[in-house]
Amino acid sequence: MAQSISVKNLKLNFGATSVLKDLNLDVQEGEFIVLLGPSGCGKSTLLNCLAGLLDITDGQIWIKGKNVTWSEPSDRGIGMVFQSYALYPQMSVRGNLSFGLKNARVPAAEIEKRVARAAEILQIGPLLDRKPAALSGGQRQRVAIGRALVRDVDVFLFDEPLSNLDAKLRSELRVEIKRLHNRLNNTMVYVTHDQIEALTLADRIAVMKGGVIQQLDAPQTIYNRPSNLFVAGFIGSPSMNFLPGKTVDGGKAFDFAGTRIALDGYDGGAVLDRPEAILGLRPEHLVITDTAEPGRSIPAVVEIDEPMGADSLVWLKSGSSNISVRVPVEKRPAHGTQVHLKVDIRHASIFDAKTEMRI
Amino acid sequence: TELEVTHWWTSGGEAAAVAELAKAFNASGDVWVDGAIAGGGDTARPVMISRITGGDPMGATQFNHGQQALELVEAGLMLDLTDVAEANNWKEIVYPPSLLDACTVDGKIYCAPVNIHSPEWLWLSNKVYEDLGLPVPTTWTEFVASAPQVEAAGKIPLALGNQNWQSNLAFGAITIGVGGLDLWKQVNVDKNMDAAAGPEMLAVFQAAADARKLAAKSTVQDWNQATNLVITDQAAGQIMGDWAQGEFQVAGEVAGKDYTCLPGLGLNEYISTGGDAFYFPKNSDPEIEAAQKRLAALLVSPEVQVAFNLKKGSLPIRGDVDLAAANDCMKKGLEILAGGNIVPAGDMIWSPDVQTQLGDLQAEFWKGQEMTPEEAQARYVEILKSGL
Amino acid sequence: MVATTLVVFVGGTLWTVLYSFTSSKLLPKLSFVGFDQYERLWSSSRWLTSIQNLMIYGVLALVFTIAVGFLLAVLMDQKIRFEDTFRTIMLYPFALSFIVTGLVWQWILNPELGIQHIVRSMGWESFAFDPLNNPDVVLYGLLIAGLWQGTGFVMCLMLAGLRGIDEDIWKAARVDGIPRWKTYLFVVIPMMRPVFITTLVIVASGIIKLYDLVVAQTSGGPGTASQVPAMYVYAYMFQAQNLGQGFAASTMMLLSVLIVLIPWAYLEFGGKKHG
Amino acid sequence: MTGPMTGPRGARPRRTLSPGNIMLYGTLIVVCLYYILPLWVMVMTSLKGMPEIRMGNIFSPPVEVTFQPWVKAWAEACTGLNCDGLSRGFWNSVRILVPSVILSIAVASVNGYALVNWRFRGSDVFFTILIFGSFIPYQVMLYPIVILLREIGLYGSLWGLIIVHTIFGMPILTLLFRNYFSSIPEELFKAARVDGAGFWGIYFRIMLPMSLPIFVVAIILQVTGIWNDFLFGVVYTKPEVYPMTVQLNNIVNSVQGVKEYNVNMAATLLTGLVPLLVYFISGKLFVRGIAAGAVKG
Amino acid sequence: MAQSISVKNLKLNFGATSVLKDLNLDVQEGEFIVLLGPSGCGKSTLLNCLAGLLDITDGQIWIKGKNVTWSEPSDRGIGMVFQSYALYPQMSVRGNLSFGLKNARVPAAEIEKRVARAAEILQIGPLLDRKPAALSGGQRQRVAIGRALVRDVDVFLFDEPLSNLDAKLRSELRVEIKRLHNRLNNTMVYVTHDQIEALTLADRIAVMKGGVIQQLDAPQTIYNRPSNLFVAGFIGSPSMNFLPGKTVDGGKAFDFAGTRIALDGYDGGAVLDRPEAILGLRPEHLVITDTAEPGRSIPAVVEIDEPMGADSLVWLKSGSSNISVRVPVEKRPAHGTQVHLKVDIRHASIFDAKTEMRI
């Protein structure tokens, strides 16, 4: 596959503060890339740089083999969808869709055709003559996508397009975006700070923090083998349990508050002995049992129980650590019970507490 | 030819007088475009100066004689009227000659004087005194003496407007009236600062301090409102220039019967001869220039002088016209003029800057009540010194 | 046009400052005299009075306009009936020029015609209310007119600000049992900082320019009791034909504006980082 | 379920004449008296004859209503030689007002838009200078502007005056527009740029249609300010285009013996009519416009 | 347990529109009630009525056995936490906490004590002297809770306290609120439109729609036996699959586009034959198999796959219906595969299509 977007050594400063620091990113054609990260990490900034809405401080941006570093936003062959949709409130849906084309002096007949096609794809045909104010959230979002669609571009940029919506609508539209991508198969760069969105949509996820890409990988890799503590904690809801301790026996076991957990089968690098290490365990990779299994389990006391529909999230206390475990609703243990948590070390992650990197 | 003429003559008598000028000018086939700006010279002058310096001059404009337009002339913005003056023999006919001197810069004449004004008059309401059963005063001294009774009757003894120049004018009149001509000349003509700081001058300030008590109840702003107080018999008297006469006339009052005028406050019958003059800003259009010269000549002509000054209540600038129709007060003025009891006007002696400062001082002195004559005199001398 | 504006404001200011060091009379001339004009300016009692008046009037007007404007806005914010009517009544004076304002109030405050006359004719013979002719209180006479003209507008600004306050804050305060007045004082006013700043700029710029109102209402009198700097500038530039002096006074006014403005600009642009 | 419904139920009882309400409306009414009083005096006086005025009470309604003062103010009052009242100035004022309002608002709105959305180098400095400009007393600038207008050859023409109004309207208007535009989501601007709209395209197609409220505020402020202007009108034009306020000044300040208060008041009201009408008609929009962003710092 | 809140025949109109219609609600002491419902259904309105911030049109409100219908908000013994927190921005955290107490003339020493206690419970001790602007979202929320806490009241009202936060913080604070409730054991009424919040927090959930409580029950009951179509569709994410069809054979089977599903073991009322019925199946109660099982399975084609970390949501098409199924990540079928969905009828719900009620 050809390269669709290539960001080379991108730097961006706002005055004295450096927001993006020497960032590199290559996106293949047809790929769905999600930029994920906490608020303020520079996701929108990166997207705006791609779109040409911000003047970059240093570096280059290539789109479809062309150096567009200095091109106008409209000349980059990109379409963009914004968080609040940024529909032009005084124009009808049709006006919103055709505004960009008119600016580009596309012939009227061609505009007509493209709008009709976009309307068909997005099923907004009957809405074409309404004003944005008369649309529901979901419909607005489709119009916003349509605006990118009619421009016949190969790269779509989305800046948190769903974050204004309530949970139900959000999950519906997520599916729609996925469908659209399956159908159009164009390159998408999608900014969000919602990890469910990232996990469900992305071909690859770029997890950002402080203007730096922490990890760029397929969702499963990010989920299962997070490259550092930040990524591990950020991805997964409820989030990964972190047990502080040390690795002993030449890297063969993890010592957590006196309890030893054998590390054979650990999917990672050479563990070695480290005086400060962190064992990361996802709630779904722990099983609550009544009996201890030396080297494989941790004792804990049941504290809180959060039923979440199909599953329940049980919070336990072990030593001074809070640990959450996902269990089927039927199998919830009673409050205060003393139990043992069986650890599935194949799905665990171990981090060096100093460097915070996965071992 | 259309000629735009700006001036600040908008009160009743003034407007009527301007109408005479316009009538005469229009009669000769030209058109007088009136550019009156009310509010007095202080409002109008910035407009005129801006217009002239801004390169969009009017055809003719009123200024007071003297230093007001001097710089404009020096900057070459004014039309040289020497040929008109010579053709019409102004040197001979303009009386007193000081009027023409004020128009002359480097031997060339730049303005056409239209009238003579003298500020040193006391105007009295006869009715106020008749009602009180008192004789109408004939001097400032008598006026001051009668004031307590006037006040007791609930009338204002002395009407005085709120603007700086009115206080200054009143003080000037008291200087000539109370201080006498010699003192006045020493201070203002010879610019003898010792005299200005001397005891005689202090006596003048004392007299002014007495007068300000008489004016304490006067709450009007404009001079004509103050005059109106006299006309309507709410106030006994007002110190004001001879232009006040126009107001009496418009109100239908008769000099000697309804009101009395005392030049030089009845003490020293001298008048200063300031006045108005028209200047003609330079213009590139020869037709307009011709019209300007026609107007200049017209302004000094005897017929216009008579018509204008009768309405305005001022004195003509030439001694050879017959003002048979003039009323009592005007005749008094004419007599004084003819007798040569004249002194130069403040506008000619002191720069506007000094005049303004004097005005500020007098306003403070007259309206504040607490400034002592000594203090006022000290500052008076300071200001005069700055203008030497 | 933007360039023109810059030229006028910056160029005009520099030009003014430059010529304030000259002895220009009727026409601007580059005849430098150093600080002479300033020395004379600061020894002129009229100027000193003007400055003093402006300060007194300025502080009073600023405080009262904003306080009264805010209080009215608070009253208007009590979900009252006829809000439109009340608002229109309070706002209409803003449509009138200062000249008109000055004239009308000169008249209403005139002892022979206005309030004093009415009260006396109703039988209270000793009643005295003549602010415009008493040097000690003439500034308050101006203030009455100034407030009349300007508070309505400030009220609108404040009202808009009040309406912008999060409804939840009110609810929180009610649950906390805070009386309304306390909520206004300790919670709402601090939250309206941006509104107050905008208002301050608008009101203060109006006060410094104060001229027409005084001319129309008192002509600076009685005596020099209600002189203001703008009048001094005008008088010396045009009446006294002493441009240098007028420019020196202008420069002092501009300087005082800068002194007010620099902290503001700092707050607006420099202070952002501190939140 | 619970027990029977005892005790208070439903809405809390409210007395319309509670002490609080009486205080509230009482204060408002007293305040309104203060605001209305001058207008009352003006209107009443303008409907009285001079004898009635001289006799007395400026607050009392006219015994005998006369519209003569209005007629006189509009069509007969003299200044100098011209005795056609305010009527002439009215049309001059309109001729000055319309282009001045349009130009000044156009320039200021573009300015505010550029300041917010196209932050250029030195835009903060530029803005600070503008605000500084709003404090400059007009008298100070009379001379420099005379020179400027002379240099660009517009002195004395209507356009010169229009430019002056535009310049002096700029600071406050720019402040208003800047505040308003910064309350419009930036995303909209970005979307338009991606759509290929340029500086003017965005301004006209996107920003303008969304800015009605603030335009109303700007128009009201400018109509008031320009209509009421006297100084610029008299200094930068000629008699044939003097605005109404110059006539008003002439009528009010030139006294024929006695001040004709009734004519003065009628003239004053006539002069104030246009801005007053603007306020009465669009006062509601005015507040809404201000609330829509003008005061968000 | 005593009754903490009792709402009797509450009616509330805004002008002509009736927002709450004859609403009854009883809350036990120490209970955690969540008001759940779509935007605009009247949740906040109900809460504001409880708090006394809105004048009700008719009915009564009792709190702790006292008729408070006409009481001032501050006299009702309630504390309230708002969506935007509504902290007093110019006061320090301490100021925010103590403002109400000072106003009630609580002695300084007592204030000191209560603030210290709240700070300790909420772990905001070190923040006491900061201004709200210098706090993170989570910290602000704690301060907002603290403000209710110091008032020493037994009833806490929360109006969407988490909806301003991002997903990660939201789930953290959710747990904190739960902990707080376990610890303080006071009555809580909590408004949200986020069902995860509702499910995890509530002792009982009141699902509202159009000013009417649709169902008031324990979370598991609501989840498993939703009383009507609205509740069923609203609760659960991804939401329940609805298959339109009819019940046949005297209520013994469900006919979905020709496929018959046996209804024995259905947990509900008498089904009977209904010409229009809807079968509701949750994604986690479907299993993808390769082989058809007559009367127990539905044929379908795999369309989209949404990996969500631990699980994956697979979207399939059967007839004209989209069906979602939750499967473990390892067992995801390939796109386009023809599969069969095994139905677990014990967890299914059947609705009458007309009345929309569960049968």
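The chains carry the letters A, B, C, D and E, assigned in the order they are written, with residues numbered from 1 in each.
The rule is simple: contacts are C-beta pairs under 8 Å (C-beta built on N, C-alpha and C of every residue); 3 or more make two chains touch, one makes a residue touch a chain.
The shown structure was predicted, so the numbers you read here are calculated from the model rather than taken from an experiment.
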item	value
Chains touching both chain C and chain E	D
Number of hops, chain B to chain D, where each hop joins two touching chains	1
Chain pair showing more contacts of the two, A-D and D-E	A-D
Interchain centroid distance [CA atoms averaged], chain A/chain C, Å	56
Length of the line joining the C-alpha centres of chain C and chain D, rounded to whole Å	17
Centre distance in Å when chain A and chain E are each reduced to the mean of their C-alpha atoms	25
Euclidean distance of C-alpha centroids - chain B vs chain E, Å	91
Touching two or more other chains - residue numbers and ranges from chain D	142-143, 147, 249, 252
Touching two or more other chains - residues of chain C	234, 237
Of all residues in chain A, the ones touching two or more other chains	none
Touching chain combinations (by label order)	A-D, A-E, B-C, B-D, C-D, C-E, D-E
For the chain A and chain E complex, residues of the former touching the latter	38-39, 166-168, 171, 174-175, 178-179, 182, 193-196, 199-201, 219-220, 223, 234-239, 282, 284, 304, 306-310, 313, 315, 326, 329
Contact footprint of chain B on chain D as seen in their complex	78-82, 142-143, 146-147, 149-150, 155-156, 234-236, 238-240, 246, 249-259
Contact set on chain C toward chain E in their complex	166, 168-169, 171-172, 174-179, 182, 186-187, 190-191, 275
Residue ranges of chain C touching chain B (in the complex, touch as defined)	25-27, 40, 44-46, 106, 110-112, 130, 132-133, 135, 218-225, 234-242, 245
Chain E residues touching chain C - in the complex, by the definition given at the top	48, 51-53, 72-75, 78-80, 82-91, 99-100, 103-104, 133-134, 147, 151
